[in-house]
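In the two complexes below, subunit A is the common chain; its partner is subunit B in one and subunit C in the other.
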Partner chain A sequence: MKVIKIDKKDWADSLGKLSGPYRLFGPVRDKDFHNFKELGNDEQPDFNFQNTRVSAKSMVLPQSETLFTYSLDEKEPDHHQMREPEKNYSPRAVLGIRPCDAKAFLLVKRNFDTPEYKDPYWVRAYEASTFVGLACDDPCSTCFCTSAGCGPFHEEGLDLLLVDAGDHFLAKVLTQKGKNLVQAAGWGVETNADVELMKRTAESRIASAISTEQLKGKAATDLYHAPFWEEAAFACINCGTCTYSCPTCWCFDIQDENHGNAGVRMRNWDSCMYPLFTLHGSGHNPRETKIHRVRQRFMHKLKYYLDKYDAGIQCVGCGRCIRLCPVNIDIRNICELMNSHDPGACTCQVA
Partner chain B sequence: MVGYIDKIKEISERLLKEGTVEMVIGFQKGTLPMMNTPCFAKTPEDVGNFVWDSHCGINLANYLTDRKEKIGVIAKGCDSRSIVTHITENKIKREQIFVIGAPCKGMMDRHKIASLFETEIRSVAENDGKLIVTAGDGEKTLEKADLLQKNCAVCAHRNPVIHDELAADPVEDQKDVDRYADVREIETMPPAEKWDYFDDLFSACIRCYACRNACPLCYCPTCFVDESQPQWVGKSTDPIDTKTFHFLRAYHCAGRCTDCGSCERACPMGINMRMLTKKLEKDCIDAFGWEPGLDLNQRPPLDTYKMDDPEDFIK
Partner chain C sequence: MENPYLPYPVRIEEIITETEDKNLKTFKFVFQNPEDEEKFAYKAGQFGELSVTGKGEIPIGIASSPTEKGFVKFTVNKVGLVSSFLHTMKTGDIMGIRGPLGNWYPWETMEGKNVLIIGGGFAFTTLRSSIIYMLDPANRSKFKDIHVVYGARSPGMLLYKDELAEWEKRDDIHMHITVDATDDPSWKYNTGFVPTITEQKAPPSDGETYAIICGPPIMIKFTQPVLDNLGYDHDHIIMSLENRMKCGIGMCGRCNIGMEFVCKDGPVFTLAQLNATPKEY
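Right after this comes the complex of A and B.
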């Protein structure tokens, strides 16, 4: 695969060139942390970060997104009809996305883009995007990507992988989309530099790992009835921090909002950690306690997803939920409890 | 404060052995530096997991709400005041709980400590008013007193106001702390500047509700932001809806908030929403001479009425 050399002194110029054919997005520092934003004219992405505070998922699945607008004004000919608003699906480039966040889109894709069902908003935004990855050479202590089907130089889900090599980037072109972007930026200097050694060094810096090999063979009902959930869930305050910051959590809620006669139908991120998530119209809530909800989150990520798609767990090991949970509920510990669970060894059950 | 742990364990073990309580709520060591995690002990053996140090900032009163068992709970000054509020608001009964008081010298601001280092913090040890912090770029010995959570730096009630047993002798309360310097600064801003201040304060909010859920006062079965009939506030990331959530929540805490700092501590985005609750706390002192959580026999000012109320509109 082609490797290209990009001098950092030419970087700003090439972004100038890219800003014509692409809308550019990248990590920007906001107070104490970085998050993805659309870049303004001449605004540079700031690559001086370990990872963004929340994931890059909003590049394709915004926290709030208008799906339709409508009017309740009977004088208007199309009153009480849903109108699809104009949206900008012109090509966009997401610069400096970490490999874990890019791979996460492929995990979500299994659910949002199937032969049977397609989420049109997600699919259009995803297809409009070119993902320019930034390899990690300084992972956090909470990153466990290499044991979660990903890694600091992982290429799946990326169109181009940038590796920081001091005064220049090495860019590995991975797809046709990547090629197109390289061309638009005017990058052409091919090199035979090899990023393999850098990759291995980065991988060796990942200090944390999970074991998942037993999960598949366990009966979902055994894990569901395992005795550890009460203790595991005790500290949880059922906020949405873990799910909102996670690149692979995809749940949303649909809401109508009116202002006078004008209305929008929108979708907003939702979280299985909230009691409202499963509240029925009847008032019954099948996941009534936080024990049910915590169990749901981990069972979905580490068991149901795995069983359904047979393509690993629904987690790329970015470690955000560990870093941001206010009470330090750690998916690595829960995964270990699940992976090593021996249903024969215990007699007690949670409801 | 690290020295308390032996006494905490001794009391907890005894309570569980003698059957005085069915569980004791405390902290166990977390998986990250400066992160202890709330936990329970149901047997004397479980008590072995308990830890106590300057990273026990979460308010444990939050874990008592509506529980039915007899519970032992470790309480700092602020937790004990929230427990008092819980009792006066009928969220738990006094006779149901055994308060193990932990006189407190303040909890650490982990974000501030992290900001002093270029690289990630690997470990933090604590010794006699000092923190020994090791990060990728070296080790530093820091004064704990300089690194308190913002609320702890101005805390006026470090000793538990109710307790059944103390884990240590009471500590000296901080004298001459100016609790409201930051609030006054905002009070004096012209309206436009105030507006910008609050716009900026909440600009990064992702409405995860960690602040609300970490708060022992926010125990409503359905929070107003979650209601849909009627829908009081929109659920998107619209900045006005986001601020409405924060302003209304703060009002719901007026006269009840003990400034335990759990909300700010929990926020993944580092937002200081305490500026709202503190302003209302100050107003309660100014208008009613009221500080919450100090007295089991008094109702908070906004759910009571006094015959000698100076305002006419209410008579």
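Right after this comes the complex of A and C.
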């Protein structure tokens, strides 16, 4: 695989070159944290971060997005009909995305890009994007990516992987999109440098792990009826922070919003933590208690997704939900309870 | 790329108030663009998202039959924001429909078999679609005996009363209409709850009979043991589920029961399938 050397002193110039053919996005400091946003003219991404507070999912699935506009004014010929808004799907480059967030897009893609239906907003934004990853040398204590199908130098989902090597970056070109970006930036100095040792060092710094190998073989109904959910959910306040910060949570709501006779049909991030998420018009709620809702989140990530696609769990081990949970619910513990659950052994406890 | 969120524009052609409490109305829609009707080709058991511009969308079973051309019909209970507003709309108003969505009753599997339809209350809409479809001259010979048990609280709460009366007169469908109770001396059909009438009138399974059940949870709960006694296997008992939905295409994430999305993998499931999944409906 081709490795290219990029001197940091040339970095700003390269971004200048890229800002023509690409809309540039990157992590910037936002109060006490870093988050992704579109970079202004001459604005530099700030790579001095462990990971962004919220994941990079908004690059493809914005927190709020207009699906359609419409008019309620009967004088207009197309009144009450949905109009598809103009959207900018010109090439965009997401600079400095962590490998976990990039891999997450591949997991989420299975939901939005299916044989039967394609979500055109998600698919177009995803296809327009070139993902320039930034390898992790300094993981958080809550990271468990290496046991969640990912890793600090993981390449899946990335077009280019940057490795910080002091006064320069080493760039591993992974796809045609990555090659195009390298060309546009004018990066051309190939090197024989090997990032393998740096990768192994980084992987050895990931201090925690989960076990998932037993999940597949267990019946969903056995895990659903396991006795540990009540205790697991006890402290949960259903704040939804876990779902909002998660790179693999994609659930959304659709709402019509009117301003006089004009309106927009919006989609907004939603969360399985909220009772309204599943409330029927009749008043019946199939997930009426927080135990139902906490169980749904973990069962979806660690069992339903696994069963549906047979492609691993719906988690990349970024650890955000662990760091940000106000009551210290830890997906690593829940995963262990699920993975080691023996329905035969606990019948007496249930009784 | 097709946009699966984009509704077909439709015009309200006719509105029929179905029940004495006026909470159920049937809306007959005509597509604004005739070619959209072909794209909306559906099978009995599927649903659509009714898009009331400025209010939102609601998932509603299709009450018309694929054999009825030139329009689609939906019977809507007045419940929430969108359905309440829809009940105030007039003929000629413009709105939208997305679909058809979800799976359908297993018509190919049921060919050459007896079919028992059990419906309660306003959950008779896709069952109407199914009956019209099966009774169509082109289709009737594909099915053996057809029995229908349909109950409502009172005679005035039955849907599609004129059609029920017509089906009663036919000899190629066995109707067992019932009401929970009535003091109407002219009521000439059954009186009693759906599970009881099913026990008295429904044919026992010969291993080749499929039962399709739609109704309120309480009706389903008490009908299931009756069907067990009549010898129906759980993979011959077919149910149509409802859950809160938004997208209708398996993406927005709220309607799942276990790994299945009610909107896309359902809404039609066999009881055998439901037995293997968490009962979050």
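General observations
Following the convention adopted for this analysis, the second predicted complex is superposed on the first by the 347 of 351 C-alpha atoms of A that agree within 3 Å, B and C clash if a C-alpha of one lies under 4 Å from a C-alpha of the other, contacts with A are read in each partner's own complex, and residues count from 1 in each chain.
Basically, a residue touches a chain if its C-beta (ideal position, glycine included) is under 8 Å from a C-beta of that chain, and two chains touch if they have at least 3 such contacts.
The structure presented is a predicted model; accordingly, all values stated were derived computationally and were not measured.
Of the two partner chains placed by the overlay, subunit B and subunit C both lie in contact with A:Q255.
After overlaying the two complexes on the shared chain, residue contacts for A:F68 are found with subunit C alone; subunit B is out of touch.
Contact with neither subunit B nor subunit C is seen for A:Y126 once the two complexes are overlaid on the shared chain.
After overlaying the two complexes on the shared chain, residue contacts for A:F153 are found with neither subunit B nor subunit C.
Once the two complexes are overlaid on the shared chain, A:F298 sits clear of subunit B and of subunit C alike.
Within subunit A, the residues touching subunit B in one complex and subunit C in the other are 253, 255.
Those residues of subunit B that touch subunit A in the complex are listed here as 30-32, 35-40, 58, 62-63, 111, 115, 119-120, 122, 203-204, 206-210, 212-214, 222, 226, 234-238, 265-270.
Residue ranges on subunit A touching subunit C, taken from their complex, read 67-68, 70, 72, 79-82, 84, 111-112, 114, 116-120, 123-124, 219-221, 224, 250-256, 258, 263, 265, 267, 270, 272, 277-282, 286-287, 292, 296, 299-300, 303-305, 307-308. Those residues of subunit A that touch subunit B in the shared complex are 30-33, 35, 50, 53-54, 63-64, 138, 140-142, 231, 234-235, 237-241, 244-245, 253, 255, 257, 266, 268, 271, 274-276, 322-324, 326-330, 332-333.
On the side of subunit C, the complex with subunit A involves touching residues 1-7, 9, 32, 51, 53-58, 79-80, 83, 93-96, 242-244, 246-247, 249-259, 264, 276-278, 280-281.
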